[in-house]
Amino acid sequence: MFTKTITPRFGDADGLRHINNTRLPIWFELGRDPFFRFFNPDMLFEKWNLIMAHIDVDFVAPLLLGAEIEIRTYVAKVGNTSFTSYQEAWQNGQLCAKGNAVVVHYDFKTRKPLPIPDDIRARLLEHQP
Amino acid sequence: MFTKTITPRFGDADGLRHINNTRLPIWFELGRDPFFRFFNPDMLFEKWNLIMAHIDVDFVAPLLLGAEIEIRTYVAKVGNTSFTSYQEAWQNGQLCAKGNAVVVHYDFKTRKPLPIPDDIRARLLEHQP
Amino acid sequence: MFTKTITPRFGDADGLRHINNTRLPIWFELGRDPFFRFFNPDMLFEKWNLIMAHIDVDFVAPLLLGAEIEIRTYVAKVGNTSFTSYQEAWQNGQLCAKGNAVVVHYDFKTRKPLPIPDDIRARLLEHQP
Amino acid sequence: MFTKTITPRFGDADGLRHINNTRLPIWFELGRDPFFRFFNPDMLFEKWNLIMAHIDVDFVAPLLLGAEIEIRTYVAKVGNTSFTSYQEAWQNGQLCAKGNAVVVHYDFKTRKPLPIPDDIRARLLEHQP
């Protein structure tokens, strides 16, 4: 598991005074940063080799301004050419949102998926829940 | 079906020079605006009665800078206390992303779901695909 | 003058139930899109030749959810290698925010400013207030 | 001085592979969070008493993906009813952006500015550069 602590910003809350739902995909993208580095150690866009296929988020309880939010990032599944991250957002000891993202190992020149190398597969599998 | 045309902004593209995945939930929220008005004709936060339960997005093809994007918004399903919107993002005649959102009719004081009134149900069902 | 109509999104309002201040630089960037095309007719990042030097925004009156916002974009000044846009955000007949952006014509390879060509200068000057 | 460390997110970089200019007002708002708490210790929107009058940002050097960004937040000036924050964004030992924000102590019921109380004034002045 990787964790990332987020301080919610004043403008992250919407008119309901809850954190707006659209912030979760943004924070979950930030939470996947360590996995991006497995595939792209130098974080260079010129050599980038991942593409998003799917995201989903379930909203369990409102997130609020004023207390830190912990994003917990796991690997749910590793397929042949893609992996699925599973992520949770916690605040004040409560699970508030959770979601999945399917990320494909991808060759942008040939526009084809690439197998996930064994060494990266092994590193991903260390982060199962 | 409701449609909303989006001009992608310079900063909506990320380092891959594709529209970043996190923009879709934002544009889909904007596309659901007409449904919000079914439940909240005055768009007043003080009387707001909807809460998000779920979103998902499938990324079919990259969205790019330089051409307008059409968000098409349908109703996929109307349940007892919630409805599901189904949305698509089109650019240059191509379906590029699609997704669902589950929106719950909700009483923020009692913290309980509310039945969807018959008149609103009928209006929602007019927007099935 | 160029104009761009914005439908504010539910999540653009913050906990004060005003549009959050951070949305203005985003909408103003979108409003400058026609100027970007003067310099980059194909909107290709590979050939991009503009870089931001400065932005400022004055908040005159709150922008709210529920009514469209018009972004009006002018050219305030054209210098040797840069130009300044002046922009306003109007809602319900009221000026709500205004601001400037200094955009530099720039060679990303040599990392040096470039003179603004006469034909583009003439086109920019047509958009003075 | 208050500091806040930001991990730039994949989607914070735009097609130039620089952090997009519109991210700075967002991170600077987050950096002002401790000042918001001087005026609103409980961070309750119902009692909120601050309103934005102005922001500006100067872009000194590109911010990039892959290294943390430090937001440094100072008080530049304390007036009768408002204060000005001065902020900097540093990455890899380099000043990359800087800016000011004018924040007004404000009564949302009467729609009038309020004097800054002496105790808060004293706390603000401790954060001069």
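Labels A, B, C and D are assigned to the chains in the order they are written; within every chain, residues are numbered from 1.
Heads up, the rule we're going with is that a residue touches a chain if its C-beta (ideal position, glycine included) is under 8 Å from a C-beta of that chain, and two chains touch if they have at least 3 such contacts.
This one's a predicted model, so the numbers in the text were calculated from it and none came from an experiment.
K.L.:
Could you tell me which chain lies farthest from subunit A when each chain's centre is the average position of its Cα atoms?
P.N.:
Max centre-to-centre separation from subunit A belongs to C.
K.L.:
Between A-B and A-C, which chain pair shares more contacting C-beta pairs?
P.N.:
Between A-B and A-C, the larger count of C-beta pairs in contact belongs to A-B.
K.L.:
Under the over-half criterion for shared residue numbers, do copies subunit C and subunit D use the same patch or different patches to meet?
P.N.:
Same, since most residue numbers here occur in both copies.
K.L.:
So the centre of each chain is just the mean of its C-alpha atoms; given that, what is the distance between subunit B and subunit C in Å?
P.N.:
Computed from C-alpha means, the inter-chain centre distance equals 27 Å.
K.L.:
Please tell me the distance, in whole Å, between the geometric centres of subunit A and subunit B computed from their C-alpha atoms.
P.N.:
22
K.L.:
Could you tell me the distance, in whole angstrom, between the mean C-alpha positions of subunit A and subunit C?
P.N.:
Between these chains, centre-to-centre, one finds 32 Å.
K.L.:
Two-or-more-chain contact residues of subunit C, please, as numbers and ranges.
P.N.:
Residues 10-11, 13, 15, 17, 21-22, 26, 29, 45, 65.
K.L.:
Report the residues of subunit B in contact with subunit D in the complex, numbered from low to high.
P.N.:
10-11, 13-15, 17, 20-23, 65
K.L.:
Enumerate the contact residues on subunit A facing subunit D in the complex.
P.N.:
Within the complex, subunit A contacts subunit D at residues 4, 7, 9-11, 13, 17, 26, 29-30, 33, 36, 42-43, 45, 65-66.
K.L.:
Mind pulling up the subunit D residues that touch subunit C in the complex?
P.N.:
15-16, 21-22, 25-26, 29, 45, 48, 51-59, 108
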